[in-house]
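Taking it in order: structure first as C-alpha cells, then the write-up.
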Amino acid sequence: LRTGFPEVIWGPGKTPDQIAQIMEAMRQRNSVVMATRIEPDVFATLETKVQGLRYYNLARICAITPPTIEPQYPGTIGILSAGTADLAVAEEAAVTAELSGFHVQRLWDVGVAGIHRLLNNRHVIESASVLIVVAGMEGALPSVVAGLADCPVVAVPTSIGYGASFGGLAPLLTMLNSCAAGVGVVNIDNGFGAAVLAGQIVRTAYKLRK
Amino acid sequence: LRTGFPEVIWGPGKTPDQIAQIMEAMRQRNSVVMATRIEPDVFATLETKVQGLRYYNLARICAITPPTIEPQYPGTIGILSAGTADLAVAEEAAVTAELSGFHVQRLWDVGVAGIHRLLNNRHVIESASVLIVVAGMEGALPSVVAGLADCPVVAVPTSIGYGASFGGLAPLLTMLNSCAAGVGVVNIDNGFGAAVLAGQIVRTAYKLRK
Amino acid sequence: LRTGFPEVIWGPGKTPDQIAQIMEAMRQRNSVVMATRIEPDVFATLETKVQGLRYYNLARICAITPPTIEPQYPGTIGILSAGTADLAVAEEAAVTAELSGFHVQRLWDVGVAGIHRLLNNRHVIESASVLIVVAGMEGALPSVVAGLADCPVVAVPTSIGYGASFGGLAPLLTMLNSCAAGVGVVNIDNGFGAAVLAGQIVRTAYKLRK
Amino acid sequence: LRTGFPEVIWGPGKTPDQIAQIMEAMRQRNSVVMATRIEPDVFATLETKVQGLRYYNLARICAITPPTIEPQYPGTIGILSAGTADLAVAEEAAVTAELSGFHVQRLWDVGVAGIHRLLNNRHVIESASVLIVVAGMEGALPSVVAGLADCPVVAVPTSIGYGASFGGLAPLLTMLNSCAAGVGVVNIDNGFGAAVLAGQIVRTAYKLRK
Amino acid sequence: LRTGFPEVIWGPGKTPDQIAQIMEAMRQRNSVVMATRIEPDVFATLETKVQGLRYYNLARICAITPPTIEPQYPGTIGILSAGTADLAVAEEAAVTAELSGFHVQRLWDVGVAGIHRLLNNRHVIESASVLIVVAGMEGALPSVVAGLADCPVVAVPTSIGYGASFGGLAPLLTMLNSCAAGVGVVNIDNGFGAAVLAGQIVRTAYKLRK
Amino acid sequence: LRTGFPEVIWGPGKTPDQIAQIMEAMRQRNSVVMATRIEPDVFATLETKVQGLRYYNLARICAITPPTIEPQYPGTIGILSAGTADLAVAEEAAVTAELSGFHVQRLWDVGVAGIHRLLNNRHVIESASVLIVVAGMEGALPSVVAGLADCPVVAVPTSIGYGASFGGLAPLLTMLNSCAAGVGVVNIDNGFGAAVLAGQIVRTAYKLRK
Amino acid sequence: LRTGFPEVIWGPGKTPDQIAQIMEAMRQRNSVVMATRIEPDVFATLETKVQGLRYYNLARICAITPPTIEPQYPGTIGILSAGTADLAVAEEAAVTAELSGFHVQRLWDVGVAGIHRLLNNRHVIESASVLIVVAGMEGALPSVVAGLADCPVVAVPTSIGYGASFGGLAPLLTMLNSCAAGVGVVNIDNGFGAAVLAGQIVRTAYKLRK
Amino acid sequence: LRTGFPEVIWGPGKTPDQIAQIMEAMRQRNSVVMATRIEPDVFATLETKVQGLRYYNLARICAITPPTIEPQYPGTIGILSAGTADLAVAEEAAVTAELSGFHVQRLWDVGVAGIHRLLNNRHVIESASVLIVVAGMEGALPSVVAGLADCPVVAVPTSIGYGASFGGLAPLLTMLNSCAAGVGVVNIDNGFGAAVLAGQIVRTAYKLRK
C-alpha cells in the first residue's frame, strides 16, 4: 500500500540468511529493496549472498537499487540533526527518503546550544517543503525549527544521551510538548518512519497539484 | 509566523476579562481570532464583552470570524474519531481547520472494535489529502487507518479512558509504536495542533503546485 | 493442580544439568514434560542427557512426549499473531496448547496495518472456541479481533518493538484499554500462560457439557 | 456483535438527558438496556425521564429489564472480592453478569491477609465454571485463588488504595505477574469487562456442548 | 543558616492564622519576612491580621519589608521566562531575589518558538551575573540561553502544560539533559529555590572579592 | 555502629584484588568479615588470595569466620521464599543472619499459588520471632504470611520475573500496599538488608529483656 | 489476629453513619476502637452518634478508649518527623502506638537540612527500642537516623512535597535505597502501619524476654 | 563559547581513531584538550596515536595538557562524595575542574549513614566557594551539606545502586526535592557538567570582583 515507497526489511533479529532470502524474493517485484539497522559485520556477510548490494554505512542501511536514483517528486525534504551522535538516525531518514525518490538536503550539528550555527543556515529551513528534525538528549531542536519554518516538521527523538534521558524518553516528551504548532512526532530513533511520513507529505503535494 | 493561520488564545488559566482583552487587541490585525478550551459558562461571560463572538460548543472554541468562511486551499482534511467521548478533541481539530481556511470532512465513531463501520466509509480515507485520526482508550485507530490510506496521518491521542489509560499515556504510546509508517503524533488532546500540522501539509501542497 | 496440563519447567536461570534432572524426575509421574525458553544451544546439550527429547525450535520449547499427541478436548484454540517477530511467543502458546491436548489453528502475520489480510481469514476467528491474539509494537490486534469475534479473547503483548515500546509496556497498556469487551490480558511475552488460560476455558466447556 | 449481552452505556461524561435519550432508543431493540457508573444523584434525575428504570446502588448500574431475569446459561460465575472497598467494582461485575443471563455466586471480603476466610469458602471456588476475582491495594487474591481453582480466573484490579498503589497500578502489576497460570487480567476497576469476558467463557461452553 | 536571606514561610497547608502567627514571631529577628504560594483570598485575610503586609500578586508572595529595599550586592540576576503562563513562577523567583537584596532584570515571553525575540534581547543575557530561566511545556529555553551565556544558568521547569507534560516532568527532563553545560536544575515550579541558588552564586562572588 | 554485625563488603564493581585487600584489613578488627554478590569465578580468584575463606554458593557470599558460629541471641528468624528462583536472595538473608549470630529457620518454595504447602508449614511462621519473606513475580507472599503471623514481617521483593515485573517493581509495590499491617519492606533483592533489620529486631528484644 | 492491637476502621469512603455503626459493633468485643483519616467535620457528626468518642485532631484519629491508657509493654517507640507538614502522619503513628499500649517519645522538626537540631536530640534516638522516622520531600531523614541508631528503624515516606515529589514517590525511593541497613519501609503516609510494625517489634521483645 | 574551559570530547560511541583525530584537530587551537568516559583499554590504544596524552584513571579522562596546570581563579571548589562507588563520577568532576584552571579540594566517603565523618570535616564545606556533592543510592548528602554550607551546592546523582534506584532516578528525585535551598541539580553521573557549572560560578565571582 505504500505505493511508490521501496520494500523495507527490519534487520534486527533476522539472520543474514533470512535477510538475503527476503531481499531476493522482494527484488522480483520491486526496483528498490532496502534493509535497515544493518551493522557492518552483517553487511559483510550479506554482500557475499546478495548481488549488487550497496551499503550506506552511516545510515546502517543496505539496499538493492537501480544504477542511479533520481528524485521523482518536486520539492525538498530538509533534514536537520542536533548532535554528531544523532547522525545514524538522521542518515537513516536521509537515505530512506533518497531511495524513495525524494530530494534531500542535509544540515548536521545544529543543536540549540549553538543557536547561531542554525540561524546561519536558515536557507535550508526556508527552502524545504517539509523538515525532518532529529535530536537526542534534551530534544529541543524541533521547537526552535518549527518556530522558524513555515512548513510541516517531523520530529524524531533519539536514544542518544544518558542518565535522565531514559532511553530517549526525555527528547520524546520534549517534542510532544512543543510550544510551536506544526510538529508531528515519530517513535524514538525512527528515522525510517520520519522519511516515510515526510515522503507522504511531499507526495500529497504532488497529487494535489496535478 | 504561522502565516495564514488565525491567531489563537489558549483559554485555561485566563479570566474572561483577560481573554476578551487579548481578543480585542488581536482583531485589529487578524480577520479570524479564536480561543480554545472555552467552557460554556466562560463563553456566556465572554459574549457580553466581545462583539460578534461565535461559539462552537462541541469544540469548546469561540471565535471572531468574517460572516462566511470559505476554504482557501485545495484538498480535504479528513478527520476521524474512534469514540463519542473523543468528539471534543476531534471537533477542536475540525473547527480549527475550518477557521484556518481548509475543507474538512468528518467521520465520527469509527473505532476499531467495529471495523466494518470504518471499512464502509473508506471513501473518506481515500479522498482525503491528509487525515487526522483521534482516539482515546487503546488508541488503535491511526494504525488501521494508516494501513488503508495513501496520505499522511496525524494521530491525536485523547485522555478519554480510565485506569491503565493513565491520562492518555496508553493511546499516546500506541500511536508512537504504530507498525504502519506515515503517522505523526501530537500531544494528548491536542486537536488544535493536529489541525495546524494538517493545514501545514495542505499548504505545502499549495505552495509546491504554484 | 493444573490437572490435565503437562508439567512445565521455566528454563531461564537453570543449567542444562538442572533442567535434565527435573525432567527426569517429572517424567515418572507425567506423560508430557516440557521446558520453555530453551535456546538451541541449551537444547543441544539437553538432548545428550535426556532421552526422547523433542525440540520445537520456533517455540523454544523442548518436551518429553508420547509418540503422538491427539487433541483430547472438543473445540479449537485459534492463535493469531500480528508480525513475524511475534512468532516465538505465538508458537510458545501454540505448542503449549497442543502438548496440553488442545486443537490449535494458527494464523500468522495479520497485523492491523494490513487489515484485509485479517478480514480475508475471518473463518479462523469465527470457527474458534477461544482466541489467543499475540502482538507487539502498538498491540492493536486484540481490539480488532475481539470486535469481530463472539468468543473469549486472550491477549498477549510482546516485547517486540523499540523506543517508546518500553519493553512491551506499550502493547500491554493498549490491550488493557481495549474498547472491545471480552478480552483478558496476560503478562508480556507470556505465550505459555495464554495457552493455559485458553485451555482452561475449553476445559470449562468440556466439564459443563457433561 | 456481543450477541446475547445487553446494550450498555458508559455513564461518565454524559448528561442525564443524553443517557435517557440513548436508553430510550436502545430499548426499542433490546430487552435489557443498562448504564454503568451512575451515581445516585444522576439516577434520581434519570428515573424521572426513563420509565421502569431499576437502580443497583452498590453496582452504580441502572437498567431497563424484563420483570424477572432468569439465568439462560448453565454453570456459575463465582465472584470474589478482597476488601469492602472493592465492593462497587465487584457488584458492577455481578450485576452485569446477572443482567446478561448468567448465574452468579458472590463471595465478599476474602482478602489474603485473612486466608482462612477464603479457605472456609472453598466450595465457591470449586463449584464455579469461571471466577472473577476483584482486589485493590496489593491485589494478591487472584494468585491464591488461581492456585486453588481448576477453572479460568478473570482478575480485576481496583483503584482502592493510596500512596504506592498509584491509582491501581500496584494490583494491576501484581495480577499480570501472577505465578499461577490461568489468569486473564482486565483494566483497573473494569467490573463490567470482567463480566463480559466471564460470560463469553460460559457461552463458549454452551455453544460447544450443543 | 541562610545568612542574609529573608525568613520564608511555605504557605500551602497552613491557615491564615498559622501564617500570621509565624510571621509575627519571625519579624522580631528579621527585617524581611516572606510567605510564598499565597492566593489573593488568603492575603485578604492575612492583611487584617499582620500589620504592614505587602502583596506581590503575580508572584503570590506576601511580605513584611522595610519601606524601601535596595540591592545589597553587586551584579544582576537576569530572569527569563518562556511563556505568559510561566509568569507566576518567574515572578516568585524575581520577588524572592529582590527581597533578598539582589538586583533583578526581567525578560518575559522569550520562548524558543520565537527565537528572534530572545536574540533581540541578548543584552539581558550578556549583562547578567547569573541567569534564572523559567519554562514549562517542552522546557527548551535554558539550553538555548546557556549556549548564549557565559555565566551560570539556573533552570526552573514549570507545571504549565498538559497531556504528555505529566505535571512538569517533560520540561524537568529536558533541562536535566541539556546539551549545554553550565546549567543547574531545581524542582518543578520552584521559583523560590532558584532565587536562593542564584543569590548564593552572587554572594559567593561578593565574598571572594573581599 | 552496626555493633555486633559483621563487617560487609558489597562485591559488584570491585576487583578480586580490591576485595581481598579490604578483607585483610577488616579481619584485623572483626571476627567475621563477609562479602556479598560474589560470583563463583570471583571466589575462585579470591580464595587464592585470602586465607580461610568460606563460600556460600547459593547465597553468593564469601566470608572469613571463626571455625564454628553459634547463635548468640535468643529466638529464631524464620525465612520464607516463594519460588526456587528467589533462592539466591533468600540465602543471602539466611547466611547473613547466621554469620551475625542469629538462629535461622528456612522454608523454601511456599509461593501463594500453592497455598497448602504454606499452611502445612505454619509451625515455622508460628515459632519465629521475626520473619523474612522473599518473593518475586507478583510478590504476594508477605501479605498472606503477615495475616497468619503475630510477629514483625520483613518483606524482600526480588527481581525474579519478566515483562510487567519491571525488574522487581511489581513485587515491591505489592509489598508496600500490603493490606496486612506489620510489614516493613526493603529494597529489591536486598537479602542482606533484610537480615540486618531482622537481626536488629531480635537484638532489641535481647536488650530489652536484660 | 493482631492480638493486642485495637480494632481499626479506615475512614475514607465511609459515611459517618457507616463508621458509627462499625464502631458500635466493635466496641462490644474491644476495649479500644479507633478510626483513621477522620477530618474534623466528620468527627463533628460522629460525636453526635457515638458515645464517649475522643478526637486526636493532629492525628485525624477518633477513638473509643478506656478512661486512661497506660503503656502495657516495656521500652519506647521513638517517633521523629522531618518537617511540620509531616506532622499529621507522624501523629497518626504516635496516637496509634499509644492507643495500642506502647510508650511513645516524639521528636518533631528534625529534618536533615538542619542536622544540628537532630544531633542535639540524640538521646531520643539512643533511648528508643525502635524508631519510626517520618519524612516527605527528599525523605533523607531515615538514612541519617539509622546511621546513628542501634535499633530497628521504620521509615514512613509522606506525600508532602510538590513537583518532582510525585505524590511521595521521591521519599519512598529514597528510603528504599537507604545506604544504612536496618530500615524497613511502609507505604506513603502510612503512619498507622508504621505503628503496628513498631508495636510488633516491641511485642516480640516482650514475648522473647518471658 | 565556554571561554576559558578546555575543549571536551564525549568518548562513548567513538572509536579510538575518531577520538585521536578530533584531539589532534583541537590541540591546534587549545592548550587543554580532554576526552571523558575513556576506559583503560581505549586509552591504551589512544596513547599510541596521540602524543603527550595523560590518563586520569579514576576519572576515566584522558587529556593533552601543558606540563603544569596552575589554578587561574581564586577560591576553591569543594567536591564531596558519599560512597566509594561514586568515586568515578566525583573524580570526573574534580579532574575537569582542575584541567579548567580551578582549585579543587576533595572529600570522599562522607555518606549520610555515618554523619560524624562529614561533621568532622566541616572545614572543607566552610572554606569552599562552591560545592559539588556526588551521591548515588538514596542521594541524601546534598541536602545535609546544603544545610551546613553558606555557598551554592551543585548536586550530582549517580547511577550507583540497584533495585529501586532505577538507574539513578532515586537520588535524582531526592536531590530535586531537597528541603535545603541553594541546590542546583545536574544529570545522573554528570560529573563533567557539575564541574563546568561550578567553574562558571567561580568565574562569575572573578568577573564581578574586577
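Per-chain numbering from 1; labels A, B, C, D, E, F, G and H assigned in written order.
Definition applied: a residue touches a chain if its C-beta (ideal position, glycine included) is under 8 Å from a C-beta of that chain, and two chains touch if they have at least 3 such contacts.
Predicted model, so just to flag it, every value in this text is computed and none were measured.
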item: Chain located farthest away, centre of subunit C as origin (C-alpha); value: E
item: Comparison of C-F and A-E by number of C-beta pairs in contact, larger one; value: A-E
item: Centre-of-Cα separation between subunit G and subunit E, whole angstrom; value: 36
item: Euclidean distance of C-alpha centroids - subunit A vs subunit G, Å; value: 57
item: Averaged-CA centre spacing for the pair subunit H and subunit G, given as whole angstrom; value: 41
item: Multi-chain contact residues (two or more partners), subunit G; value: 1, 114, 147-148, 163-166, 169, 172, 176-178, 187-188
item: Chains touching one another, given as label pairs in label order; value: A-B, A-C, A-E, A-H, B-C, B-D, B-E, C-D, C-F, D-F, D-G, E-G, E-H, F-G, F-H, G-H
item: Subunit B contact footprint on subunit C (complex, rising order); value: 82-83, 111-115, 119, 137-140, 143-144, 146-148, 161, 163-166, 169-171, 173-180
item: Partner subunit E, residues of subunit B touching it in the complex; value: 1, 10, 12-13, 157, 159, 167-169, 172, 187-190
item: Contact footprint of subunit D on subunit B as seen in their complex; value: 85, 114, 162-166
item: Sites on subunit G touched by subunit F in the complex; value: 1-3, 5, 74-75, 129-130, 147-148, 150-152, 154, 172, 176-178, 181-188, 192-193, 196-197, 200-209
